[in-house]
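In the two complexes below, chain A is the common chain; its partner is chain B in one and chain C in the other.
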Partner chain A sequence: MDIEKVEKVVKKKRTKFPEKLIYEIADAAERHDLNDKELDELVKEIKKANQRAGVENGEAVGTVAAQSVGEPGTQMTMRTFHYAGVAELNVTLGLPRLIEIVDARKKISTPTMGIYFDEEYSADEEFVRKIANRIGKIILNDILKDFNVNYANMNLSIEIDEDKVNDKRLEYDEIIAKIEKAFKKVEIDKNLLSFEPTITDPKHAIRELRLLADKVRDLQISGVKNIGKVVIRKEGAEWAIHTEGSNLGAVLKMEGVDKTRTSTNDIHEVEKVLGVEAARNAIIHEAQSTMEEQGLTVDVRHIMLVADMMTADGKVKSIGRHGISGEKASVLARASFEETGKHLLRASIRGEVDHLTGIIENIIIGQPIPLGTGSVGVIMKEKK
Partner chain B sequence: MAAKKLTRFEKARIIGARALQLSMGAVPQVDISKLGSIDPIDIAMLELKKNKMPLDVKRRTV
Partner chain C sequence: MKKDILKHKLVPDHTILSETEAKKVVKDLKVHPEQLPKIKVDDPVAKAIEAKPGDILQITRKSHTAGKFVTYRLVLE
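Let's look at the complex of A and B:
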């Protein structure tokens, strides 16, 4: 069934459907092999259901959303504050994670990425392992066979394990180049390397040597900034990488990475790399998957409203004192939330004017609120 | 202006306002002999149904 045909039927019924809905109808019609009459009936029923699902002007959607997210939230508190390991990786879940999302924290406690690959590479384990080792943090200590600190000669010698280098799919020359760049006094003889400390004061010679030893061991030879451990997992037929730590910008630039599916749970990073619209989607996805993981289902539209409020200004802002509630235009609305005295004092010093357009202001004043029945006015009809 | 279907809030608001007028003695714009009720709210609802309601909604422009 083609899209245009469905569109024509929808137009005939004098409604407007979202694009996705039209595609779904076309898909369903194709699957069940509907004839014109059946399609007509289907569109009619969908029109009815679509109208029923819509909200009318003046409905208290914000209050309903708050309650719909808040009630399941109370269920969460009971069995939460523990971490559930997703394949050896710790990820914050439950209420702490939900609070993190709504507060729009800059530094989240467990940033993590899911990296997926383009079709041509997704089944290629070798390729994925190579990429994983380029993303994950590898230090020199991980590829050593032998490590000796020689106090008599005041130097230290190491031996690089070639098997480990091959196992991690690293290039030997690159490692050597990295080492030479980081340490000046180094002698290289194939796999055997020896380092000498720069001794400024003979009294601290041993300390310098030990410091050098630590430095050599901790030298990072591979990895993307901010990313720590990586886990390679087979998901269905394809291979995917999960990381501890996140750096969306750098990973998306890598070859073979599927830019449409690779994601991070750091909302601010999504905003920085892909923009607010993507950040909005990230908020929706993160909040919903957090709830779902706890076995709670909340209608997306409630979460979408929260995400819309958080991103409406073109940047992600939190709910609460430093975000939505703290930036309200009305003095009375702000004063009723937190720090009452501070807001009232400041407003009086500046001579702020309250136009009483919101709900809270009108409740404080004792007037009918502009919501539901209160949002419509009545006028006399003109005589015909 | 009221080309679109009224929302339930608009309906309630308009019926309420008209019923208040009727209760204070306004003349019904419909024949109420067959209605079997002199409740102003019933009369207002009938007026709305018959499209004889002399009031209209003014939607918020915000």
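Let's look at the complex of A and C:
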């Protein structure tokens, strides 16, 4: 049965259904071969059921959401450092991860990216490996054949391993350019390089030489900022890269990278690169997959509410002291949450007024709370 | 690059409402524009579609529960 026909019947019944429900009705009508009269009856019944299922005005959806997320949270493992997906990558999961999401941490403990490629490159292993080496951090030590600290001549000599350079798909000239830029006193003879310390104070000569040795070994010759290890994995027919560390902005600019699927688990980075709406989606996705991974199911609607609240101001803010709870309009509500003294003191200095519109402040002063039937008031009509 | 982000799977459709559309939305929802959720002018998506402060953006989200869900955000400085 076509969608338009169902939509017409729904409209005739003076109601509005979500898109998904209309599709489901059309599907059911098709399956059971309903005639017009039966469809009419079906829509009528669904209208009733839909109204019954809806949240009533004045219901405490926030409290229900908090309990619905909180209760399964008690069953989560307190400390889990699982190795999700790839064995080599460590990703924070379980309760610590959930807390991280809800607190909107600026620095998350294990940022990671999933990088995918455009169709034309996704099966090209050579291309993916090349990109992986451009993204992943490679230091000079990774491509050395020989490393010698010569205390007699007070210099150090290294030999670059050509096989390793080729294996990592690096350009020899680029490496040399990087080395020349970083160190002034360097002599280059093809693969053999020798360094001398810039400070030649004889008192500290040995210390300087050792420091130089460390510096030479740790010189980064390839990689995107903030990204460490990379893991290349075949997922179905395509190749994908998973990283330790994350830099969405830089990776999305790379050629061949799929600009629709490549993503990160760092919500602040998603907000910075893709905007608040994307951050909202990322919060929902991260929170839900964290719960699911632990074998817990929470209705998405609760998580969606949390994500909506966290992004309502146009930026991601945390729940708790520095976020939603800490920005409440009522002094009494804030004071009853955390840092009581601070809030009462500030309110008295500024001469804040509490309009007693929320739940907590009304409980404190012993009045009926504005919730459910309590949320109805009386307004007098002005006489004209 | 600027427009590329609009195609990302995490980014829903954002459209700028005309003045008459915006008025109708505010009237239908029975709210003041300031009561709507906000989006900043320097938000990457707001920049990409060149929204100005005071505009109302219509956001068409893909929803797990409703299939498609339309919501609005007020553009702020």
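Just so we're on the same page, the second predicted complex is superposed on the first by the 312 of 384 C-alpha atoms of A that agree within 3 Å, B and C clash if a C-alpha of one lies under 4 Å from a C-alpha of the other, contacts with A are read in each partner's own complex, and residues count from 1 in each chain.
Assume a residue touches a chain if its C-beta (ideal position, glycine included) is under 8 Å from a C-beta of that chain, and two chains touch if they have at least 3 such contacts.
Note that the structure is predicted; figures quoted are calculated from it, not measured.
Of the two partner chains placed by superposition, only chain C is touched by A:259; chain B is not. Once chain A of one complex is fitted onto chain A of the other, the partner contacts of A:119 are absent, as it touches neither chain B nor chain C. Using the contact criterion defined above for the overlaid structures, shared-chain residue A:314 touches chain C, although it does not reach chain B. After overlaying the two complexes on the shared chain, residue contacts for A:276 are found with chain C alone; chain B is out of touch.
Of the two partner chains, chain B is the only one that A:381 touches; chain C does not reach it. Using the contact criterion defined above for the overlaid structures, shared-chain residue A:373 touches chain B, although it does not reach chain C. Partner contacting the larger number of chain A residues, of chain B and chain C: C. Once the two complexes are overlaid on chain A, none of the chain A residues touched by chain B in the first is touched by chain C in the second.
Chain B makes touch with chain A in their complex at residues 7-10, 12-14, 16-17, 53-60, 62. Within the complex formed with chain A, the residues of chain C that make contact are 1, 4-5, 7-12, 14, 37-40, 43-46, 59, 61, 63-69, 73, 76. Here chain A touches chain C in the complex through residues 18-21, 23, 252-253, 259-261, 263, 270, 272-278, 281-282, 285, 300-301, 304, 308, 311-315, going by the rule given at the top. Across the complex, chain B is touched by residues 56-59, 357, 370, 372-373, 375-381 of chain A.
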